[in-house]
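Presented sequentially are two complexes of chain A, the first with chain B as partner and the second with chain C.
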Partner chain A sequence: MEIEIISFGQITEFINNQKIEVDGIADTNAFKQYLENRFPALKDIKYKLALNKNIVQQNTEITNRATIAIMPPFSGG
Partner chain B sequence: MSTARYNRQIILKGFGEEAQQKLLRSKVLVIGAGGLGCPALQYLAAAGIGHVGIVDDDTISLSNLHRQILFTTADIGKLKVEIAAKRLQEMNPQIGIVRHPIRLQKNNILDILSRYDYILDGTDNFESRYLINDACALLNKPLIFAAVSGFEGQLALFNVPDQFTPGTNYRDIFPIPPHRDEVPNCAENGVIGVLPGILGTMAAAETIKLIAKIGLPLTNKILSYNLLTQEQYTVSITHGDGYTLPKTVDEFLNMDYQDTSEGPQGYTEIDVAELVKLQQLESTILIDVRERHEVPVLDKQIFIQVPMSEFGTFLGKEFYQKQVVLICQHGVRSVAAAEAMQERYGDTKKIYSLKGGIIKWRDHFLKS
Partner chain C sequence: MASLNGGIIFSNLNMSEKKIKNIFVKGPITPAFIADSIAKHNSKTAIGGHSIFMGQVRKDEIDGKFVAAIAYTAYEELALEKMHQIREEIFEQYPLSCMHIYHSLGTVKTGEICLFVFTSSAHRKPAIAACSEIVDRLKAELPIWGKEIFEDETHQWKENI
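Right after this comes the complex of A and B.
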């Protein structure tokens, strides 16, 4: 299954925008687990996922060619 | 009152006299007269928002000027709200401008916000942003949110319902505030002046669209903007459930917004005069938590260097001094260090953080 990852802010420092080919990731909970294993720095910061341009509020099924955005909060002004 | 000043937008197809009247009747509060607030204020005042409030308790400093474009070099040291109000009033004498030279806190924010129809958040820290979010949600005030980090920005509208979703708020995206040292801010991390200029202008545009009821405001959406690529990415927001929002004034007043001025904490924020006093005590250790490459370089005999990146290792050590004074560039990281020390050493040591950091007390550090 192909998933496109788009990252923002300080997260771009350790996760580039990329397309990944993975199997066995059926939903957003599993994807979160996968991300935090592969990029442990993510465990220490607040971030939100958006699946196909919708904020993920509960575990949601991921289908082939999904786009997942990883967004940190900004406070600067 | 003549609307000749607004002729070019009144004749615009899809805007017109009616939209202009809506702007003239509206009351908008801009919180923070900084990098976001300055351009937002300029366009809101120029467009004829009838009643503009400005909140900021800060004074103008030299390092503000590359992005806070209402201010000049001669204004350094003066209150931001005073200068901003004066410039805006000169630009548009037809509108009312109200100065609020205060810091918003739990005990004053509801009163001030309730005097306005729309709130624009151009602050620069998470404490203020969560405070403003919760107050706006409680009062059901439309909130225009803009923020920057590095070369990117975020823009959103909260508490504005659309036909499918009741109004969402910031906690629907980020339920819990990040810890102080989790996300770098502009003072620590730097910011290119034009970026808050763009985001502040976009926030003013959203405010105008919302009031004039034109186009498609970013209702229940958050837009991410990247200056380096000129790309935008918009995400739809739905309601989340992993947070508590105060539902009553009492609940609001009982929330913890990490106001350093309120509530107990295990360390004390001090000014440079107190630093000098502590320095004279034998059992005081002064620690500079900036990274080794940062300038100005301080006398390493006096200020022990323990960069934040090495702070964890240092925390394991024992040392005899009873007073610990932590300093950094702007007094943000030193607070994070103070919290970490408090956790490690508890009441066995007295912990201090220099408020405003080396930059604020530059004259003191450069002469010594």
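Right after this comes the complex of A and C.
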């Protein structure tokens, strides 16, 4: 399965935008686990995911060719 | 990226599709742009009160270093979707004649304006309340990030409190 990862804010400093080919990541909880294993720095920050431009509020199924944004706390204004 | 005349980026005439207004401006929001925006309302004679909020980049001191600028980035598509939703909710909540919102992207130096929220109504109270609520919601809900750049070119990521 292909997932496109895009990152924002301070997360851009250690996760580049990239496409990954993975199997066995069925939902956003599993994806978080994958991310935190691969990028341990993420464990120390609060972050939210947006799956195909929808902010993830609860565990959600991921389908092939999803785009997932990793977003640190907002600081606009 | 918006031009400073506040153009609508996904403009279309089909009323069944929602119009998503752009709020992003490249670089600082100039006093001239704000003045022009105010001037455009003199033909809207049902308006009796305007409320304006302007966010200005503050020269904060952190560990002996001064902020020189903030560089803003956003998840633009998501931010505009979310802003559209907030805009609709605020219009339902308050009897407003007008609502204009602009936020900078890219570098804005200390002392320059990075946020401009402008609401108008027949009487002042809805304009004031809506303006304040828009600013609160925008800061909490829009995926925008500010990187504070210090005079020595080091940086830290801003956090809204």
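In this section, the second predicted complex is superposed on the first by the 73 of 77 C-alpha atoms of A that agree within 3 Å, B and C clash if a C-alpha of one lies under 4 Å from a C-alpha of the other, contacts with A are read in each partner's own complex, and residues count from 1 in each chain.
What we mean here is this: contacts are C-beta pairs under 8 Å (C-beta built on N, C-alpha and C of every residue); 3 or more make two chains touch, one makes a residue touch a chain.
Bear in mind the structure is a predicted one, so any value in this text is a computation, not a measurement.
Trainee: For A:Q10, is the partner it touches chain B (first), chain C (second), both, or none of the two (neither)?
Mentor: A:Q10 contacts both chain B and chain C.
Trainee: Mind telling me which of the two, chain B or chain C, contacts the most residues of chain A?
Mentor: With both complexes superposed on chain A, more residues of chain A are touched by B.
Trainee: First (chain B), second (chain C), both or neither: which does A:Q57 touch?
Mentor: first
Trainee: With both complexes overlaid on chain A, does A:F39 touch chain B (first), chain C (second), both or neither?
Mentor: Touch status of A:F39: no partner.
Trainee: With both complexes superposed on chain A, which partner does A:G77 reach: first (chain B), second (chain C), both or neither?
Mentor: both
Trainee: Go through chain A and flag every residue that touches chain B in one model and chain C in the other.
Mentor: On chain A, the overlap between the chain B and chain C contacts is residues 6, 8-10, 50, 53, 55, 69, 71-77.
Trainee: Can you check the complex and tell me which residues of chain C touch chain A?
Mentor: Touching chain A: residues 55, 72-75, 77-79, 81, 103, 114-115, 135, 138-147, 157-160 of chain C.
Trainee: Applying the document's contact rule, which stretches of chain B touch chain A when the two form their complex?
Mentor: 32, 34-37, 122-126, 129, 146-150, 152-154, 172-174, 176, 178, 182-186, 189, 191, 196, 222, 224, 233-241
Trainee: For the complex, give me every residue of chain A touching chain C.
Mentor: Interface residues on the chain A side: 6, 8-10, 50, 53, 55, 69, 71-77.
Trainee: Spell out the part of chain A that touches chain B in their complex, as residue ranges.
Mentor: Answer in residue numbers: 6, 8-10, 44-46, 48, 50, 53-55, 57, 69, 71-77.
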